[in-house]
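By letter and in written order, the chains are A, B, C and D; residue numbering begins at 1 in each of them.
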Amino acid sequence: MELDSLYQEVILDHYKHPQHKGLNPVYTAQVSHVNTSCGDEITLNLNVENNVITSITWDGQGCSISQASVSMLSDLVTDKTLEQADAIVKSFSELMASKGTAAGDPEVLEDAVVFAGVSKFPGRVKCALLGWMAFKDAAIQSQGESK
Amino acid sequence: MSFSVAEVRKDFPIFERTIRDGKRLVYLDSGATAQKPWVVINAESDFYSKHNAAVHRGAHQLAEEATDAYEGAREIVAKFIGGQESEVIFTKSATESINLVAYAMGNALSGNRFALSASDSIVVTEMEHHANLIPWQQLAARTGAQLKWFNVTQDSRLDLSNIDQVITANTKVVAVTHQSNVLGTINPLEAIVKRAHEVGAVVVLDACQSVPHMSVNVVELDVDFLAFSGHKAVGPTGVGVLWGKAELLDELPPFLTGGSMIENVTMTTATWAPVPQKFEAGVPNMAQAVGLGAACKYLSELGMDAVREHEIALTGYALEKMSSIDGIRIVGPLENVARGATVSFTLAEIHPHDIGQYVDSQGVAVRTGHHCAWPLARAMNVPATTRASFYLYNDERDVDALVEALLGAQKYFGRF
Amino acid sequence: MSFSVAEVRKDFPIFERTIRDGKRLVYLDSGATAQKPWVVINAESDFYSKHNAAVHRGAHQLAEEATDAYEGAREIVAKFIGGQESEVIFTKSATESINLVAYAMGNALSGNRFALSASDSIVVTEMEHHANLIPWQQLAARTGAQLKWFNVTQDSRLDLSNIDQVITANTKVVAVTHQSNVLGTINPLEAIVKRAHEVGAVVVLDACQSVPHMSVNVVELDVDFLAFSGHKAVGPTGVGVLWGKAELLDELPPFLTGGSMIENVTMTTATWAPVPQKFEAGVPNMAQAVGLGAACKYLSELGMDAVREHEIALTGYALEKMSSIDGIRIVGPLENVARGATVSFTLAEIHPHDIGQYVDSQGVAVRTGHHCAWPLARAMNVPATTRASFYLYNDERDVDALVEALLGAQKYFGRF
Amino acid sequence: MELDSLYQEVILDHYKHPQHKGLNPVYTAQVSHVNTSCGDEITLNLNVENNVITSITWDGQGCSISQASVSMLSDLVTDKTLEQADAIVKSFSELMASKGTAAGDPEVLEDAVVFAGVSKFPGRVKCALLGWMAFKDAAIQSQGESK
């Protein structure tokens, strides 16, 4: 069933057990984003020290895809440098724009390659990107801060 | 006075196709846009292939035929809602119709009955679609007028208990929806119109979700302006209607300016043609107006009372079947009284987006989100809902398919 | 790089019909609206009969297909004019496109680069269509800004001799037509754009009469906004385009407000979605946008340079043949240089309305009157003209038919 | 030829030899009307004494139909009472709205029944009515004046 390529087990698992949820009051940047077509909202706190992401936490409400996506993102970028994180975001954005033609680089994206299936559902790409776009903004702001 | 859904479905070519690898199309998203019968599709094609020319302008045979077709459509639409021909203005959508009134009022100079100032107020409701809310927010911001509103009760009705405090001597406009596109609630217009007219305010009715679904008569309702979209009434996209009382349209300043809406033009000044031309600048959406005429004719032939009856029966069946699902919360009136065939709901912890995706995999098309009525979602304390909206081509099989798909979704997402 | 008119005519169903009791249709009114090829008519029908759903909104297969079709059309249109996808806004017409810019500027608060005050000026020309004149008159009236303009010379060109006095440091907008819908004159944009940008003004180009007839590239022209109508470019009625430079569209406030153009909404406030959604409130004219995509594809396949070449040749032929008629005065450039395939004229004392009526009786469709450019008519000292406008489906036979009909009119009205 | 039902001889005759053209400076009402779709303009001076139309003169430019129509109108209503003129205008308006189905009452409209042919050409009805609508306005104003 095609639906299963969207709702992979690891996605539903992150959805049921979201990582890094609950905002850490210590942060270098706080960003809120909203998915205008459905109203899903996310707030993301990012803490950067010496160019390294020491903490990323978030809160919000949304569908399984958006929640799982930000959960996996948080796992992925914690302890990375801003440059490393930037490369991960690029890789993920490309995967999302692939319309089902790319498989994703497991070296860079690790578990998040399961979102390859989402790229076949144009209506859900925005959901998957919600947290990532918030993170991107927060990273830009933090860059300013930590320089 | 009734019709066979099976026969009606044959008029709509889209039901000949299948969805998601061969599944039957269960289209429950008519609240967003309706499907089109061949008569409408062909009316547009015929206009293009046989009579296409710019209306009102040329001195040639095609221009005459195009003008006849276009003005003929105006006549049909006027009859359909019980108004006069010269009171029907073709716009691109209900959104434009409402913006037209709001911007035109903003253009009124002091002395004009529509001129607004900081001491005036504009009244809306908490259940408005963004199209009947933001234009009024903007008008209020531009003129300094105060924006006031009726709240929605927890049983999904307008709270009119404070009507005399909300609509006051300072109120210039009351903009209200006939039927909520989320809750399905049909609003009690009589009390609102009475109070508004008592204080000299005009009533702007958003009839997007009523004109396609029931018999609507502007004279009986006694509203002052009425807006609806063609595409929700089995008509083409790209055409809407603004109806207004003749004497009000006369006094209302124009909105879009340009060709065909003028009387005289110099480099620095312009005067306006009579209504409805005053409000139809440029070469109009001729083929779409003609298609809308065909749509109104199609609906009239089925009979709007029959359409309404059909929807009442189907809504009753849907409310009953859907209520039996574990964990469902219907966001809208539970009683099948003064409500249309739109049923919004939440299903336990499953996010509407995920529900929509799952039922789509079963061939069932619904809509999810805030349905362009975000303040209403907040008032009802739901971040988003799933909405099934029924129309004349839906039947009990479609309700059954929805219910089955919802049970499937519960199972699918309950795996963990 | 050329095409056969006979082959092209087969693509347009309207040429299968006859006019006034069996006469061949000689359609010379494309300046008002163009005829439609089957590919455009079918693109609309197919959308309705196979993929119809509200774009951007639903989580179901039809909504995905509709969104792909609609956004695919945006991509085609963007390529057609050399712009970016996110810079293309679908409107209902060029008239709406220009009103959009004018009203949105009127909505700009001080601090925004588009905000106008009494010390600013807006520049137009004497040869503008009402659609590119009255919106600016109104904006000037609303903001107190001064309206200035370039005159037209007796040989039908813009008088740019005083360009530095007309476009000054106070100028915020220069709104100018690419090609006159009456004279056929193609305006020298380079000088205007250069001067406008020198003083920090934006250039709004009315490309209604150029985009359908020649290769237009927004990057090469370096204008800031560009408007055209689908229906004049063999596309459907009810759809137009506003193109704008990305950074300007970002800063420009919205115009129509409602669904799908918002980011967040409360009862009293709203914030906006990114461009182009910010400017597309409501369920859009989806089928018409898709039809316009098909039209641009059709024109691209013929080749816009080939279209232009064809029109140059035909205009040369028409100017020569028509000049030989006794008592004719061509209102527009007599030289076939920097002019399009629009030939307006007067014929001795015969009123244009009577000419139009007579030639119509011979199957020849022309337009008569002031052609929505009344100030231009006054400047050229003609109460009205007759206009023949040629397009890709016209050939020398059509010119011959026109000339013959004009000679017939002289005879007919010379009876007394 | 259908065109001949539009351009009847008497119409072209009035067009070539317009009656009452040239404005009389003595009037009880002056009215200017314009045909918005083509720009044709007419100015009409009406003089009413004791409820009787003693002079109607006009100037302007327009097509044969509009010029002939106002020329015949002027002939018709001169020396009539306002009530008589009103009846003539009504009769003419009805004829113009008939879409080619009426012949016109020669008792009331005299020569102007030739405009029956115009009613078959919807694009030209406005031309035929231009002067009549101006007269109607002028008559209403003169009524006020002469009471």
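Heads up, the rule we're going with is that a residue touches a chain if its C-beta (ideal position, glycine included) is under 8 Å from a C-beta of that chain, and two chains touch if they have at least 3 such contacts.
Just so it is clear, the structure is predicted and the values come from calculations on it, not from any experiment.
Common neighbours of chain B and chain C, by the contact definition above: A, D. Farthest chain from chain B, judged by C-alpha centroids: D.
Spacing of chain B relative to chain D, judged by their CA centroids, is 45 angstrom. Between chain C and chain D the centroid-to-centroid distance comes to 37 Å (mean Cα coordinates, whole Å). Among the residues of chain B, those touching two or more other chains are numbered 20, 57-59, 63, 260, 262, 264, 353, 357, 368-369, 374.
Of all residues in chain A, those touching 2 or more other chains are 37, 121, 123-124, listed in ascending order. Those residues of chain B whose C-beta lies close enough to touch chain C in the complex are 13-14, 17, 19-20, 25, 27, 29, 32-33, 35-36, 38, 40-41, 44-45, 48-50, 52-54, 57-63, 92-96, 98-99, 103, 107, 126, 129-135, 137-138, 142, 147, 149, 229, 231, 236-239, 256-260, 262, 264-270, 281-288, 353, 356-357, 360, 364-369, 372, 374-375, 378. Partner chain C is touched in their complex by these residues of chain D: 1-3, 6-7, 9, 12-13, 16, 37-41, 61-65, 121, 123-124, 127. Within the complex, the chain C residues that touch chain D are 20-21, 351-354, 357-358, 361, 368-370, 374, 377, 383-384, 412-413, 415-416.
Listed in rising order, the residues of chain A touching chain C in the complex are 34, 36-37, 121-124. Only residues 56-59, 63-64, 67-68, 260, 262-264, 273, 277 of chain B touch chain D when the two sit together in their complex.
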